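Note that the chains take the letters A, B, C, D and E in the order they are written out, and that residue 1 is the start of every chain.
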Amino acid sequence: MADALTRSMRASHVLVAILVIASLIFAVVGAALGDTFYLRLGTEALIFAGLALSVDILLGYTGLLSLGQALYFGLGAYVSALVLMVTPSFWAAMGATLAVAIVIGLVGGFIANRVRGVFFALITFGMAQVAAKVVYNTRALGASDGLIGVPIINVNFGFASVSSASPAGFFVLTLAFIFVLYALSAYLLDTPFGRLVIALKANERRVPFLGFSTVTPRLTAYVIAAVIAALSGALYPMLRGFVSPELLFFTTSGNAVITVVTGGVGTLVGALYGGILLTVLKSVVGSYTEHHLIVIGLLFMIAVIFLPRGLMGIVRPAIERMLEPRAKP
Amino acid sequence: ADPIKIGVVTPLSGTYAGIGQQVRWGLDLATKEVNAAGGIMGRQIELIYEDEEANPSVAVQKADKLFQVNKVDFLTGTVNSASTVAVGQVAERANKLIATTVSFADDITGAKCSPNVFRVNARAGQQSAALAAWLAKDKPKAKVFFLGPDYLMGRSTVAAFKDAAEKSGASSLGEVFAPLDSKDYTQYFGQMRAARPQVLYTSVAGNDTVRLFSQMQEFGLMKDLLVLGASGTVTAQNLPAIGKAAEGFATGVGYSDEIDTPENKKFVEAFKAANKAAPDLYGADSYGLIYAYKAAVEKAQSTDTDKVRKALEDLKWQTPQGEKTLRAGDHQAVQTMYVVRVTGGKFMTVGQVSGADAIGPDTCPRF
Amino acid sequence: MSAAIEYFQYVLAPQMLIGLVLGVAVILVALGLTIIFGLLDVINMSHGEFYALGAFIALALASIGLPFWLLLILVPLAMLPVGYIVERGLIQRVFHSGERHVTTLLLTFGLGLVMEDAFRLVFGPNPHKPETPISGAIDILGVFLPLYRLFLIVGGAVVVTLVALVVYRTRLGAMVRAAAFDKHMAASLGVPVQHVYAGAFAFGVALAGLAGVLLAPIYTVFPTMGRDFILMAFTVVIVGGMGSIAGVVVAGVLLTQVQAISSLYISPVWSDPIVFGIMVIMLMVRPQGLFGRLGHG
Amino acid sequence: MLDIHNLNTHYGTSHIIQGIDLNIDRGAVIGVFGRNGVGKSTFLKTIAGWVRPSKGEVVFNGERIDGQTADRIARLGIGFVPEDRRIFPSLTVEENLTLGYLQVPHRSGADNNAALQRIYRRFPRLLERRNQNGTTLSGGEQQILAMARVMIGRPKLLLIDEPTEGLAPMIVADLFAIISEMKAEGCTILLVEQNVRQALKACDRFIVIERGRIVQSGDSANEQDRTTLMNTISF
Amino acid sequence: MTPPVLEVRDLSVNFGGLRAVDNVSFAIARNRITTVIGPNGAGKSTLFNLISGAVRPRAGQVLIDGVDHTGEPPNRLQAAGLARSFQITNLFFELSVAENLRLAAQILEPTRMAWRPVSASRAAMTRVDELLVRFRLDGKASYPVGKLSHGEQRRLEVAVALACRPKVLLLDEPTQGMSHGDTEDTAKLIKSLADDVSVLLIEHDIGLVMSLSDHVIVMHQGQKLAEGTPTEVRGNTAVQSAYFGHA
């Protein structure tokens, strides 16, 4: 008997597979046509989708709305930029980001997890504000100007090497990277650990009576989300060659939340589709009118009101039904 | 022939939307004129706008789009100095040229200069040189207090003016930096009053100036105080909202709509007819840029990056505010600087410094 | 000695007094926010834009010649139906979903974006400065205060008192909270739930509008003005205790004093991180804030 | 006074109430019995306006009330005590009670207060706990509060869903005494109860629901009807 | 001599001025059914809260198998072998019936399974299937709990408490809201459980209490009023006036 949650997760996998295939086709076509802009835009969309993924782990599974996830995204971006400016090594940048994200994630998680619900949203917002202002005011971090001049790097895999300046190459690398982050999150959420996290969302107060501490799973989920956000952020300076404090601002956090809600809360894959949709939309609408905020805002409101489960909320059940007969012998 | 495409990444929304509007008006007007007169080498100019949202990350993405997809030949419009520097890096990687018509920070054509970046407006140092020279004459040995916005542009303008003013005999009483978009400047008034300055120098801009000036007036601080500022502090864009509080304000600028030359009169008239508003320095400098580009392309007989760069270096061309030269050593425009003062709700020219005296040394380390 | 007195007279005392004016401004904005949250459990992210809307309406009405004093009444009245319609047309559609906090927060966030952009569309990007209705200033022992700011302190106190009376001295508060918690049960006890939600929301929105009229002469009117006080207002609401009127007053005064003093002795640019830091610490050690929820002592 | 005709209710696609017809006279007490999940609560919720019927009509004192809002229905004089008590947690006991004033539009403050005092006399425990948060009461106390809250509005028709749930025997007896008192005052009552034996003593008539339909309708005084009832409900 | 499976000593707690549980001591015998009765508001559920770690006692001790667990959080008590149900249904309402049970049975899996997909959790899954059938909820296994009827939720509440195979089981009014037939079923079930579980029960259904209990504790106004076999307690005059309402 397939568990309902497992089944919907499987539907998400199908949707991700479609996305990956489509992206690979896009990469091949893009490379063939010698395109750089759309490939780079696609890469940026994937990077921000990674941030959205981390928001969805918190919002969709742990039930915690983070209004300050840009804190970790920006953290990753700055750490990566600083490392790259000293030594242009992908692995050094990623390793340093991972380490810093775990440490800061634990500290942030300790602070934020003292409160629930709406207070969690506000405390994460507050922490991100403080961090953003500190970066904005710190001359050593470039202050309001940010850091420019992050070098182009070669990502070495032993068997192959990809330049961050190669649009198609770096796109595929980012795709693979975000896909791994997705797969890891999806796997975790289908384990007893993940289910405990989901149970916390449904009724936190009942969990201790089932024999589990509520502190560990919640903090773990928070740190995982922080790491995913930071690792995604670490790719940003490789793509764009600079970082600025705006990466930590509320706009960045807010956009990630918009992404998740439009894509579908609690689906993981919604974050990816939402990220791509929103980037494309902003790029298209922005070229037609400077009043793109009205358009984005309205679309977002419509999503909140009419598609409480987001785009994937419409698509996924259909896939689930298609998977149904196979699930039952 | 195919049109020549110029990309414009400028803030159309957010805090700097008002400046973006002037940039747009200036560029549109010049483009219309050039196109009506047959374009550049027989090719029409086409402007392609993108909203920078006052965010460097967005600016970079939009610049990328204009270069790669729209295949623009040239790019301009960035306001925020941080965006200008970041977009300059994009231009370098794409092997294209950009010019800013707004950003003040000295670094852009100084420590952070780039072979692909030009600046056709006056930088902080030029503005200060003119203003300090005038101050030394009008109020010798003045005691000055400084109030700037706390980011690169603010620090850079205050430092530049302090330097220039102290060299010409003024003394400094203290300085304070307020966050960008401050709602209340009254909290700095205590320090200001305690210092008892004769002169206040400020480089806040846009809506911040409206608040600073009206709050100062409310608190009676405008009495017996000479207020000076950076070029962007009071402009046609916020002057109506500031109203009487702007009376007596003086600044060093590369442009003012009151400059008394036939070229400028013609420009102001055309600008007002098109936009129902007076041009300010952003509008005028953006307007002038199109003519600089036209001159350079015609000189190079090509839109090729290297050729146009070559042509832009040491280019002399005519603008509403007179002749400008792009210094080859740092890509900074050299131009006559004016000191203008608000009198009866309008800017009046009260002083003038030749381009050579205002420009200052070339500090660009890269070329 | 005289240097110390002079320092107090010119620097410290004005700094604190000015901090108080700012405090009143923040309290006025935070009041509607805390009421909407305390009664309806809705975090209104578009509250700042309603504050801006109040200021823009005032600007428009003043330009056709209506006097400021009339606007003080007209604008909040005009905002009532606006709030009512927004609640019935938008908020109500997601109000009863399981995650009300999240859905309403997101919805009003979207609404705020739309409103801000709409202001820019209609009024242009540049600032407007309404005339100050009372000019002149008083000078107490060298501490200088414009009369309008004095009026603001007094007027603010009156507004807060009136609002507190309405919320605490009537059974309205309990009614709204009951309806917000369990609409079916409340309705079966005869509570006209639909009107109650919309009414409470409209009340909060009208207060935002009132703040807009009162503060426009000092802080000017422009499309993004909604962002100005909102962060500070949120902080004050949280530190004071979400939904508590007393909390807003106490936290509003305290935090703006912290801001005033810290910008004097540390640096103005660090006063924001300090205030947000206080909020974070407050949430950690006492998430319910200085005072509890509305009507809970 | 209450006429129900061909009532049908759906939750999404599940058809819960499948055509119920029922007429109740003023002052009658009707027991509603049936196993778990047959739709008893849904039946009451439909009358109270918590869910909209998909078909059929409900007429109260000559007025169609199906499709009206729950607060309208309450103000017409229909009180409802749902099965899970539904005490407002952030309200004190007294606030929970005084909320009930609204069921009677235009009653004077003095009359309201008199009604409250009457309740306090009847349930002294509530007076003791008046300033405490409603949900800190014990399960049984909450049940009493839920009843008292509706009684304060003096309903003409009272819908009660499993009121004795969780009550100690003494209070159960008390509760049935209250029901009798209310009946004596002319209140019509529809009572869902699992405690069939006790409930039968208080009822004039009863119905048994199975899968959303009335499968038996009987007279509590009739021996034959009672035997059939006992057989139906304890499979 | 083996210590009693559950013992409380001088347990007390206050809510403001109210002594909700006042110096209560008793022990329950292994694999027996002990029932707590008492008027509404006597402090029975509060007693459960103290034993299960939901509320910290002001004074007194809670011992399981002779080991002191006073003041420990619920998950630690659970690990010591204690499980409970709630008087006011306390389940994961958005999750399915099966998932509620699986979560409750998850503790049966060895820790190393915590990082394997749940579909690999054989032990828990078997337990879930068993309970679904036993509580006649198999037809609604994939229903979200929020959409069950009240009585069905009550049944699940008991099933969830049982899922982890506890040593000591606290049931707070398990039959409340259940229909006649279900009540009898549940009574039979509780009886059969007592072969290997020690049960502490709160019940108002006197018939059930008398037929089911090995031992009865009577609470009144926070204190233990009496204790003994069902018949002894029933004969106690203090109990009669405090609880049954006739002297």
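Worth a mention:
The working rule: a contact is a pair of C-beta atoms (placed from the backbone, for glycine too) under 8 Å apart; a residue touches a chain by one contact, two chains touch by 3 or more.
What you see is a predicted model, and the numbers here were worked out from it, not measured in a lab.
Each step here moves to a touching chain, and the least such steps from chain B to chain E number 2. Centroid analysis (C-alpha atoms only) places D farthest from chain A. Each chain's centre was taken as the mean of its CA atoms, and the one lying most distant from chain E is B. In whole angstrom, the spacing between the mean C-alpha positions of chain A and chain B is 39.
A separation of 43 Å divides the Cα centre of chain A from that of chain E. Centroids of chain A and chain C (each the mean of its C-alpha atoms) stand 33 Å apart. Inter-chain centre distance (chain C to chain E, centres taken as mean C-alpha positions): 49 Å.
Not a single residue in chain D touches at least two other chains.
Counting partner chains per residue, chain C has residues 117, 120, 269, 272 touching two or more of them.
Contacts with at least two other chains are made by residues 13, 150 of chain B.
Chain pairs that touch one another: A-B, A-C, A-E, B-C, C-D, D-E.
Across the complex, chain C meets chain D through its residues 171, 174-175, 177-178, 181-182, 184-194, 293, 295-296. Across the complex, chain B meets chain C through its residues 13-15, 17-18, 20-21, 150, 176-179, 181-184, 186-191, 193-194, 206-207, 210-211, 214-215, 218-220, 237-238, 241-243.
For chain D in complex with chain E, the touching residues are 11, 34-37, 41, 83-84, 125, 132, 136-141, 143-144, 162, 165-173, 194, 196, 233-235. Here chain C touches chain A in the complex through residues 43, 90, 93-94, 97, 99, 101-103, 105-107, 109-114, 116-118, 120-121, 231, 234-235, 238, 242, 269-270, 272-273, 276-277, 279-280, 283-284, 287, going by the rule given at the top. By the touch criterion stated above, chain D contacts chain C in their complex at residues 48-50, 69-71, 73-75, 79-80, 82, 86, 88-91, 95-96, 98-105, 149-150, 153.
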